[in-house]
């Protein structure tokens, strides 16, 4: 992809039009060339510009979202009537496992990181993410893991032990064959990707903010991303360990989960939920950032209580690590311990309610620009609120005895995840789509999309609360007609079809608007954060002149002095590194440019991972191509080194 | 974007995948015939070995292992190490190591103690047992043979056993 | 407030409206460098994996009637020896880090080569350690978790040795620049982590089975 | 084949209609929690609607109101502070209610309890009624009878994977975990038939792993238990005797037990008193001739994946077998 004349043209009308002179046209052209991805098919695989990778990442996760949605439709069709015959029990097990695994591992967590890798550098005034090649590698690894899982599914090797794959059902004796191995290996892929993205994002946020953007001035969205990715560092290792132990149990006969040889089935549950519960917050916290961005813009004022919002997010992150046992109340763990986890699970509602109150206060005291993004965000106040309240019910040990593993839980988790993450995410799509593509999404289709989604969602999932109370356990592939569950199930299926229709409208809206939508200005919503200071879509280098920040909403507030930065190279990918807390200028850094080796390393890693499903020796011979690819990835070119040494300034 | 050019190839790939993978299927009813039925004189007749399609299916082999335990094959053959009956995890086969011969042994019995299970165990389950019995000496591929079970380990799991080269041990004449 | 240092703060141009940063250095060591933060992230991840595996060890132990489940705890000799070698490796590692931060090519080369030799030694002894564990990964849950701990740490030894090897080769090919010295310095920091994380693992594997 | 339990009265499986003391405790907590949560929901949604109602409209060009950046909005903070305080109080109420309910659940009196050991199998329930006197112990499957008003201690074990026992009208669920033992204490205070189901995904037939709990007056229970303790009766007529021959000479004998005969295998449910049960296939189909024929001939089409193999019996043998099974009262 080379820079089109259009992009270069628009690049000239960027940030400086509000803060000072831009670059001379020649320099701007050089800069755009420097940051562009190479042309051709090989160039396509060698691209590492954070916006290119993030766009692909978003599209890929969205494709997985649609696939997961189709699986959900299959589930609902099977359950629409008693004694359904749409899927057999074996297919059904695979389908609901794939649905859960797709939505959790291939959509919800990565999509947040994907959006973040696009927006964070723009919001903090950086030209790139910190480790652009690793960012590309993380994307490719993720994509290959997802493709592997779906290839397996189409080959009838789809995992069938549920998305949390409890041992011993997922263990060697009760899941013969390779189905669960593919699931466990998919975990390895997605965790690897998520962990790398976490390192990329944390470093970007801490070291690459524009001068003047102290921690205290960081947009709330960036705060949520920072906190989330710190959580990733400590949560994801648990599931990696759990799934590695599962794979070795299945492949080389270790006994982690074999009670007869000293192992324990609950070890899996502890490890899995030590990851699994924070995971819910990995999914839920970034949307809090979407909420804060959108609510501020559409109520035309800063969000109430910035410090309270930040502290709430941090408190949520800490508490999230103290709740995992509430997934295990029905096991025979000691009662006293369970009460502790009940208390923690109830207390995590406090920071969330603080945030909800702050947003309501913002709306109350603001002036409201009623647009589609705001609609999606308002849905949060109904859906997530309901999901949060049913969460309080599940946090109680005694109530959980009845509600656990019933359709009530299915309703609860969809209310939390869709209300807390998917609705704000759609709001975010509508909000930032002009920034991503340079065109507005249709407002009319957007409203249809919203109302169908909102109504369909409640029709689909509200009845499930009742079904659960009426005794319907989750993960049943059918039910006898005498149970009296048929009407509500049929209603839920109708709701699911309505959601499908609304998704169809969304796709139509995106495809249509991408080509024919109204052209977006650099700041179509009148927002206050830095990403709206550059053209839509942003230039390849993001900021032709890096701004200096003097407040939390730099586009709303008076510019101070100095207003912008000069002295970064145009001929190579140079970025400005600043200090962690105060964002004082520190040094300049020459980032690496495009490379095919990130992609090829991902291919080599895939060979190792897939090979190791079939033979443990793949870990040995598969390591050779990985080592070679990784070395070539880092091996510098002589001429570049010479130029670097030439331009070097020692500390 | 180049992605669009890749689409037809991707579609083709997806179509290919729809054919599925026999190794992983969970047949809930017997395939038309797991194999040709073997007759008792099979081993002596010297015909080509009968193949057993369950040897390609991990689920069927694992079912075979369930029957092996439930029907108390361990009572005589122990965990395959042999006790009253001959060991099943070594290279020696009195009546031949191919599926047909093993089927005949289970279904029709053998002299000196092996009862005939043909009346009691459905044909389909016998074929699953045959597949499992062959996995005990490493005759099946490692990705089909059972992994370790959730019990005390008496021997390495079937999928990590060394493949024994079957030798046909001449049956002592006295036994006939 | 101290006087404005161009090398640290950049220059103000155009009546203070423009901040010129062309006077800033192009690389920096320690927590000024993004590489340091990346390395810290890796350490946080891997430290969590080690900590969780150690917790799994004690979890399984709390459920066991007999520990170790196998007859004998691991033999101490190779474990002790390797602990000594690894602790010793911190000396050349320290000098390599120091040399890199002083941008001293000759000394960096020398100490990196010493580090490589040491890493060959501890990888060799590690093989002997596996032989002296007195249990197998498929014997019982005790064996599984001990092997898991050892294998996890060995993976780190191998990757760190490989990493250092590649960097060492680079120092001899004329491919040195400021950023490469930062890499050497961060590689040394990671080496510290690999050695220090060994100490709790050593304590658990060798002494957790004895007390 | 028509799946269903058409001949059964609709059995109760409903957490909102407690029939025992434990379920009532949980039901009480549910009502309190539901009320409190509904109130909070309405308040917050109302606040949200009010905010949208009160705030004036604007568009993207409206100049943002930056007053809050200049001076702190103390009044708003106070409101938020009070709301948060109230929310915290609500949460503490919930916590206290939960603790009290847990204690109430743990304090159910256990004098004169019936002890049942329930073992989960893929996909059916094995029940052993324990007794201090071993000769009074007996085994049955998929249908528990319990005396109404008397406490029952169910000891839970699993034979294979994790299952979870859930009889919503009597109590919440408890997991059956291999290698571990758990207990569930419950009491049915009203006689009736309650249906329970496995609540933890346990493989492809997880959906068809139900059991019936028959809570009946003490006398009826004792009579039932006495019948269960007896070995199978000697078949009275020739047809049934021939049926027994079929049972013992075909594959039935490989997996099932009928006490008093040579059939003593454990892979499938104990059939000694099969005819006294209301359902077959783990609470899924009514126990009548039609369903029994279908189940024996082709279980895989009723419950695909179950371990029971199809049995192609000659019609005479099948009739005889059915006649025999019907004598197992």
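To keep things simple, chains are lettered A, B, C and D as they appear, and every chain counts its residues starting from 1.
The rule we apply is simple: contacts are C-beta pairs under 8 Å (C-beta built on N, C-alpha and C of every residue); 3 or more make two chains touch, one makes a residue touch a chain.
Here the structure is a predicted model, which means the values were calculated and not measured.
Just by CA atoms, which chain is the most central one?
So the chain sitting closest to the middle is A.
Name the chain pair with more contacting C-beta pairs, choosing from B-C and A-C.
Output for the comparison: A-C.
For chain B versus chain C, what separation do you get between their C-alpha means, in angstrom?
Chain centroid spacing, chain B to chain C, equals 49 Å.
At what distance in angstrom does the C-alpha mean of chain C lie from that of chain A?
Distance between chain centres, rounded to whole Å: 30 Å.
Could you grab the centroid distance between chain C and chain D? Build each centroid from C-alpha atoms only and quote it in angstrom.
52
Give, as an integer number of Å, the spacing between the C-alpha centres of chain D and chain A.
38
Can you tell me which residues of chain B touch two or more of the remaining chains?
Residues 26, 28, 148, 150, 153, 156 of chain B each touch two or more of the other chains.
Check each residue of chain A and list the ones that touch at least two other chains.
Residues 88, 90, 168, 174, 249, 252-253, 255, 258-261, 264 of chain A each touch two or more of the other chains.
Could you pull out the residues of chain D that touch at least 2 other chains?
If we look for residues of chain D contacting two or more partner chains, we find 160, 178, 204, 304-305.
Can you tell me, using the touch rule above, whether these chains form a line, ring, star, complete graph or other shape?
It is other, because the touches fit no line, ring, star or complete pattern.
Touching pairs of chains, which are they?
Once each pair is checked, the touching ones are A-B, A-C, A-D, B-C, B-D.
Given the complex with chain D, which residues does chain A contribute to the contact?
Residues 82-83, 88-90, 92-93, 160-162, 166, 168-169, 174, 259-260, 264-266, 299-302, 304-305, 308, 330-332, 335, 338-339, 342-343, 346-347, 349-350, 353-354, 356-358, 360-361, 363-370, 378, 381-382, 385-386, 389-390, 392-393, 396-406, 468-471, 473-484, 524-526, 528, 551-553, 556-557.
Quick check on the complex: what are the chain B residues that touch chain D?
Going through chain B, the ones touching chain D are 26, 28-30, 63, 66, 70-71, 119-122, 124-125, 150.
Okay, in this complex, where on chain C does chain B touch?
138-139
Taking the touch rule as given, give the residues of chain A at its contact with chain C in the complex, in rising order.
Against chain C, the touching part of chain A is residues 20, 130-131, 134, 195, 198-199, 202-203, 206-208, 211, 233-234, 236-238, 240-241, 244-245, 248-249, 252-256, 258, 261-264, 267, 270-271, 274, 548, 561-568, 576-577, 579-580, 584-590, 627, 631, 634-636, 638, 641, 644-645, 647-651.
Can you list the residues on chain B that touch chain A in the complex?
Spelled out, the residues of chain B in touch with chain A are 1-2, 13-14, 17-18, 20-21, 23-26, 28, 58-59, 61-62, 142-144, 146-153, 156-157, 160.
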